[in-house]
Amino acid sequence: MGRDAFAERYQRAVEWPLTGVAVLFLVAYSWPVLEPGMAGSVRRVCSVATVVIWVVFAGDFLLRLGLARRRMRFLREHVVDLVVLALPLLRPLRALRVVTAFGQLNRRAASLRGRAMVYVVGGVGLLGFTSAVAVLDAERSQPSASIKNFGDATWWAVTTITTVGYGDRYPITGAGRVAGVGLMLGGVALLGVVTAALASWFVEHVSRQEREEADLRVQVSALVEEVRALRVELRRTPSEPPVVGSVG
Amino acid sequence: MGRDAFAERYQRAVEWPLTGVAVLFLVAYSWPVLEPGMAGSVRRVCSVATVVIWVVFAGDFLLRLGLARRRMRFLREHVVDLVVLALPLLRPLRALRVVTAFGQLNRRAASLRGRAMVYVVGGVGLLGFTSAVAVLDAERSQPSASIKNFGDATWWAVTTITTVGYGDRYPITGAGRVAGVGLMLGGVALLGVVTAALASWFVEHVSRQEREEADLRVQVSALVEEVRALRVELRRTPSEPPVVGSVG
Amino acid sequence: MGRDAFAERYQRAVEWPLTGVAVLFLVAYSWPVLEPGMAGSVRRVCSVATVVIWVVFAGDFLLRLGLARRRMRFLREHVVDLVVLALPLLRPLRALRVVTAFGQLNRRAASLRGRAMVYVVGGVGLLGFTSAVAVLDAERSQPSASIKNFGDATWWAVTTITTVGYGDRYPITGAGRVAGVGLMLGGVALLGVVTAALASWFVEHVSRQEREEADLRVQVSALVEEVRALRVELRRTPSEPPVVGSVG
Amino acid sequence: MGRDAFAERYQRAVEWPLTGVAVLFLVAYSWPVLEPGMAGSVRRVCSVATVVIWVVFAGDFLLRLGLARRRMRFLREHVVDLVVLALPLLRPLRALRVVTAFGQLNRRAASLRGRAMVYVVGGVGLLGFTSAVAVLDAERSQPSASIKNFGDATWWAVTTITTVGYGDRYPITGAGRVAGVGLMLGGVALLGVVTAALASWFVEHVSRQEREEADLRVQVSALVEEVRALRVELRRTPSEPPVVGSVG
């Protein structure tokens, strides 16, 4: 079996398992944060699990890099994956891999717009939850922080992603601010996709109306052509019956 | 009479009465909040009215579910209605049913854009008012709340729906924050519809100009075709009768 | 001279003078606010001027209403003008009439997008200045207000119209909040027009590229038609004169 | 060599050197701000460098003005350059000249959308960095300022350009507020370009689908034409040679 065929088979084989691993990561990462009174042993299991999952993701990345024909190009195209793997600060973003599952579940959706909406709404929901957990993890131990429980963290995430930003809650640590920047960029994407989907929907309906009018015009002009062709044909008839006299 | 015909007749029959009931709900829900010094008996009437109206809406939902051919699909398509009916926290959203009345009043508006604008502007106004009432209802009794009268609540609703979010007023209770999230999503929709309507209007006018130019080009090329046909015809004439002389 | 002809002549005649009066209003309204140490007599002149200008605008409105063929329709179409004239709280908006001057100066701008941009950018600038003056006028005398000089008022206006809304400055009076709501709506319009103009520009250029490709395809298919016609003609030639040989 | 040819040659010759000078300016302007403990001699070198670079930019502007055929038009088209050169307050914006380098590096990008995205994302990044430096420079010495280190300045820049605006950090000096206004306008542009690129992408894909359907319809109607032509031809055949029999 050639390298390309193997690479493709590998991709298909690990698609769902890796999505499952990403869900596990989401649980192992967020559960200890949401449950401060968790038993030490469970907390240790979760901690080990996030490290193991990191190894799995890193192994998958290296394997795909090894299978790629043009490695520099692979690195250039997967630079975000690499950064998320390499920087501990961006660790929560590893959970975003779950978003690819929406693509799997959503294959039947015919329209491009529908699929983009599912990706963005799903991704925004996931990003909101992950960022709320990350900010809570980072801020909770700070005495002067304003985000101290999950309710506040969620409220902060919603006010940030909609770009409202009251400022009643905001992160003060580096890790919390990184989560905030992710949310803000997600908010710009959310506004962009909602607006763009609406705009394209309006444009499509307006142009459909106009195309229907245009079709009518085309048919009318086709009719004109036919009539003209008939006239030409009739004009040639001198060697045929005198019906030509009535051409007008 | 078949089930489908009955379902359709039922829909048409209750359209306006249910809109009226939603208006009643809006009054019965918001009046006691806006008038804290209201007599206890009137307050009780309003309280009973909101429960009765909930029963009416729930009955309508169950009847339509019973009449639907494919019930799972009906539930999937009306999941928002179900959630609004089931969760007491989302109770104020029941008043949004009044929005369907805009569709009724607006049937003569030809353009899709115009109708979308009416829905969103009307819905945003209604959402703003309902959220202001809901947040006032939730926050007023909290000692540390910043929203204590209807003026502040309206101001907060406007700063939220336009995504400005000064943060001089913001909800601190769960119910108030739920109202806030609704307003923020409404704000994203407002920005999206205004922008999309403008974009589609620009695109339409630009493409109209271009189509007019294109029409000219089509006519010119039709002329070219005619001339070419004439040339072909003239080339053939030596062997044909002089009737061709009358072609011009 | 008929009523319609007179109405049209009147409109043209007062277009520029009324724009000048609106500029005068802007000066008479904002100068006393910006210059707190102004002599009492000048202040009185400005105060009288704003009243006189109101009378002029009201007279113009009534005259146009009287000249209109369908008065209810005129009122429906000019309801904003009527509200701005009738409510003292919206008095600063009378200065917005200056915006119509942009339309006059801008008549040579060919593109719809360009004209919309000029209106919105000009209108947003004017709205920002007027709102900053109005908020300063309303807030300055309040002990607990955060907007006490024109620099702060301008900064507040910019943070509001771009929907950033830090919340370091915000109005606390009813009149100041009304100015704020105007700015927020102006901000939604600004974002909408900028985005829509960019979107329509992208769409136009993309579709132009595609149309050029389409034109090529049309020409190729025209060529195909010609060749096919030639083939048909040649197939017929056995029974016709050799002159056809020169068709190529 | 004519004046126009010289002007064009000059433009090409200084394109890259001036971009390098702008990078130097960025370094000489931001380094002393970011490194408060810098030795006095290095600080003086940086200070002199910014003045020298200003002279270089001013000389380039005057030379291009001198070479322009229509000077008033040149001034009108380069009014932003002139303002940035003339006002010391806008000095940080001189670094934005680096953005033109993105255009150079990006020439191979085929699509208009791609190029616009690169310009805006690159420009927004540069604007964010420059504004963070400028605000830090302006605010640091103010006792009551909330932006006192580069981390806070960057966080403020991100919350401003995404129009979130918590208000936990905000400028209080004139120079800092000017940087803030630049960021807010950049944020409106960022949102606009992201949304517009998405909208045009949706519109393009939808219209491509529809065009493919339309192409099919065109082919079908071409087939109809062919069949009709055949029918016409067959109707004529009685009086013509049997060679026609081979048309099918």
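Every chain is named by a letter (A, B, C and D) in the order it is written, and numbering of its residues begins at 1.
As a working rule, contacts are C-beta pairs under 8 Å (C-beta built on N, C-alpha and C of every residue); 3 or more make two chains touch, one makes a residue touch a chain.
Quantities reported herein were computed from a predicted structural model and do not represent experimental measurements.
Peer 1: Superimpose the Cα trace of chain A on the Cα trace of chain B, which carries the same sequence, then give the rotation angle to the nearest 5°.
Peer 2: Value: 90 degrees, nearest 5.
Peer 1: Of the pairs A-C, B-D or B-C, which one shares over half of its contact pairs with C-D?
Peer 2: When the contact pairs of C-D are compared with those in A-C, B-D or B-C, B-C matches.
Peer 1: Let me spell it out: compute each chain's centre from its C-alpha atoms, then which one is farthest from chain D's centre?
Peer 2: Most distant chain from chain D: B.
Peer 1: As a quick test, compute the distance in whole Å between the mean CA positions of chain A and chain D.
Peer 2: The computed centroid separation for chain A versus chain D comes out at 25 Å.
Peer 1: How big is the gap, in whole Å, between where the Cα atoms of chain B centre and where those of chain D centre?
Peer 2: That gives a centre separation of 36 Å.
Peer 1: Can you tell me which residues of chain A touch two or more of the remaining chains?
Peer 2: 163-167, 191, 195-196, 199, 203, 207
Peer 1: Touch graph across the chains, line, ring, star, complete or other?
Peer 2: complete
Peer 1: Within the complex, which stretch of chain B touches chain D?
Peer 2: Listed in rising order, the residues are 163-167, 195-196, 199, 203.
Peer 1: What residues of chain A sit close enough to touch chain B in their complex?
Peer 2: That would be residues 151, 155, 158-159, 162-168, 190-191, 194-196, 198-199, 201-203, 205-207, 210, 214, 221, 232, 235-236, 238-239 of chain A.
Peer 1: Can you check the complex and tell me which residues of chain A touch chain D?
Peer 2: So the residues of chain A touching chain D come out as 112-113, 116, 160, 163-167, 170, 172, 174, 177, 180-181, 184-185, 187-189, 191-193, 195-197, 199-200, 203-204, 207-208, 211, 222, 233.
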